[in-house]
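Each structure below appears as structure tokens.
Two complexes are shown next, each including chain A; its partner changes from chain B in the first to chain C in the second.
Then we have the complex of A and B:
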């Protein structure tokens, strides 16, 4: 990568580093939001949950990129849905177990551990039973499961404002908002690589796209939060989501101009290069 | 069963027909789903083109997103602000269409710039005049599906127990799946390869050799929408409309609690009729168009 600055820094991220950022960022973010909300007895800080989800999405998008680089072309959407499917089971398990144990705040940690193990098992099954024979399948599925779980948890927190199982059940599942989190989250993880698929795909462009889609998901959770938390908390989330989307869409377009063979206003067919 | 609920079922069937048609045309304007692989491949085998490349996952997840967004916004406006249903549904569909525009543009930019080595350019005029057309079709689809879920949750005598966004998500998945399996063949088989013999199938040798030039000028995605409106779109509309209408009809005529077995038997009856009818269509098509001539070896250029 020759382009420097913030954009250039993104391209050099290796998966291990990105996994650390993703896990630490999402867990710390969710806890920070939960603590601020409960300490100050407000719901204004719920937007931090949606910001935390972005870290998880970045990690998930990179995992999709790595696993699908082994030639799973049409499987990109499926693997994104798989990530969220594993994630939703982990979130429900983690939150309900934490509630049953009496430590509601332990929820995210239990979710994360369960998601990691669960994803690894799915990866082993995919490789050994279905015989995908992709070397990083176990690792990738574990990453995807954790990313899906943390993203879902972050957005669920952004909508409900607490980490209590009963509140998330009431605000996220019973209202049906789980539908939008599930599908917008799935697209945030799968769309970046799917949209940039091709021999000249670049990591930074893919990751910038994933932040942009997370911004859209944040707009959606902001609209949902208007009902569950009131106008102030919801609109704050919506505005931050829009700002994120706008900034990263512009950055994405800049990267497209950098990477494309040519960006032209109009024109005839380009000459063939073979 | 009363006349009112029968009328609602009919309205749902009509809305579903429109949703199916617009869904298929939306995916064809952007070359989504199955035909997308050929558009993607074209540049890689040396045929750079001016066709929109809208790769937003498969059709089912993408349409589930538009429908769920529309229903989510409508549900929020109806519940939090007691807005009139029609206004809320229109606002929801508009948000869904805006989301659709962002996803479409990012896919067109991304896919084409990832084909740098094949010299596939990014044409901004295509983005400017094709994206609004895609968004308009997505608006129609998500409005119709959000309205169907609204009717199911708030208006039917026996309301559906699920919340509105989840029903919209499921119908969105359904319309995407039906559009992908019914309508796309018309675009992929008969538009991208319209210069080949009818029914010849896709030889591996022809992969990516899609039609890039139109009757006048270069082929673009608006031409494809015009073509697909003639058959692919209406066929998808029929498919989805019948699915919604017949499925809701049997649970409205027969009470799903007290007459569950009759409703299930009716469903099985519909399936048997459909299978027999499909068999008849396939046999008659084979009879009329005959077997495709045997492969006679490559013809020298």
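Then we have the complex of A and C:
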């Protein structure tokens, strides 16, 4: 019952704990990948960046379900796009400023701080100026902004293999792969709640869905990495991404069956469901 | 990064661009899911998708013009027209579906007479709905909104490109600024709006203030980034 055990662990995570896992997991993961890559002079550890992004995505998906549970009136995708919009600005700002200051390795920290502060301000604007009056808006937007930034940074690292600003510009932005991870990140953060919302929405099902979509994103970064870093680094990401997607897809399907009133075959597919 | 008078001009340009995006969103007839089922007036998708669509088209058009000339007015005009065409063709093809596939008469539930054509609206609003399709007033309003979005997109992209000289970076950064402003504005209209004749349009000063604060913060970050050359 490994699946059941993991589900049990995911089912009752409170937002504070999840935020801590998300921040620590993504920052440590990105730095671990960068250090291993540069210390051993290789690119095979780039996949750790894509794994680190999953922690950030989990935090973001949970923030989406907390904020959107209040009903924001514009659909779930809007808040996901906001997260990614704030995230991309934070990433570019953080990496660029860190490079300009001469401490390239500080990039993720500056990114995180800027994203957190900016997200908080957007939350304050939403509550005070637009008059949303959602009590967790500031906190939720701060989480979302940080999640979007760290996810984009993790995937950018997975594609470029270094944290250098010039390399990320050359490998991720100039090639256009940024568009893929932008939308993949949007899917991983906003889609889970959009797909699972309703009175029977459960945290574990939503979060398992987000890990599953992160697996698909990892397949995409793997394909991009084959072209930027070579076959070994790219293929490793592709295989791990596929394995993640497959495992969590099965888990997700199990959870859907658990929560659904009934699962019936349509008659078109082989009758594998009972 | 040298801080001089140009920097202030760049910041102001980004601020105005962000405000144009934020106000432009209020002009676009956004119907959301109800409009997709022809139960509300407007285009059947969310604000952010429409704003992002018109803004990105404007960005592309502006970027293309920028590769031939560096005249600010031509670039802005190209961005506005590009986004206007995008929004116009979206509404036109959407109208074909509402007219010929769904078979709904276009009617606005927010006004009794179309301010432009003067046609009476209430007899054509189906019971239980808040209008259908894209009436003339909404179409005109949408065109204005799309052009404002494109103008805003071009207005953001132009100074960014002058700051860092990297087209890809400027475009992504502009998309980020664009999305933040579009989402804040769409939160202000709470989902659906018909255009400038809609009573909800009067809420625009809130979005103006919110977008101004957000755009200033984004502009300050934008002038600090470098092209990484």
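Convention: the second predicted complex is superposed on the first by the 259 of 274 C-alpha atoms of A that agree within 3 Å, B and C clash if a C-alpha of one lies under 4 Å from a C-alpha of the other, contacts with A are read in each partner's own complex, and residues count from 1 in each chain.
Keep this in mind: a contact is a pair of C-beta atoms (placed from the backbone, for glycine too) under 8 Å apart; a residue touches a chain by one contact, two chains touch by 3 or more.
On a predicted model such as this, the values are computed, not experimentally measured, just so you know.
By the document's definition of touching, of the two partners only chain B reaches A:264; chain C does not.
When the two structures are aligned on the shared chain, A:178 is found in touch with chain B and with chain C.
By the document's definition of touching, of the two partners only chain C reaches A:75; chain B does not. Contact with chain B, but none with chain C, is seen for A:205 once the two complexes are overlaid on the shared chain. By the touch criterion defined above, A:96 lies against chain C but remains apart from chain B after alignment on the C-alpha atoms of chain A.
Of the two partner chains placed around the shared chain by superposition, chain B is the only one that A:190 touches, whereas chain C remains out of contact. More residues of chain A lie in contact with B than with the other chain of the pair chain B and chain C.
In the superposition on chain A, A:252 makes contact with chain B only, while chain C stays out of contact range.
Looking at the shared chain after the overlay, A:126 reaches chain C, while chain B stays out of its contact range. Overlap of the chain B and chain C interfaces on chain A comprises residues 73-74, 77, 81, 174, 176, 178, 182. Remark: chain A residues 73-74, 76-77, 80-81, 174-180, 182-184, 186-187, 190-191, 194-202, 205-206, 209, 212-213, 216, 220, 223-224, 226-227, 245, 249, 252-253, 255-256, 259-274 touch chain B in the complex. Within the complex, the chain B residues that touch chain A are 37, 40, 44, 46-50, 55-58, 61-62, 64-65, 68-69, 71-73, 75-76, 79-80, 95, 99, 102-103, 106-107, 109-125, 162-169, 212, 218.
Residue ranges of chain A in contact with chain C, taken from their complex: 72-75, 77-79, 81-82, 84-89, 92-93, 96-97, 99-100, 114, 118, 121-122, 125-126, 129-132, 165-166, 169, 173-174, 176, 178, 182.
Contacts from chain C toward chain A in the complex involve residues 1, 32-33, 46-49, 52, 166, 168-169, 172-173, 175-180, 182-184, 186-191, 206-207, 209-210, 213-214, 217-218, 221-222, 224-229.
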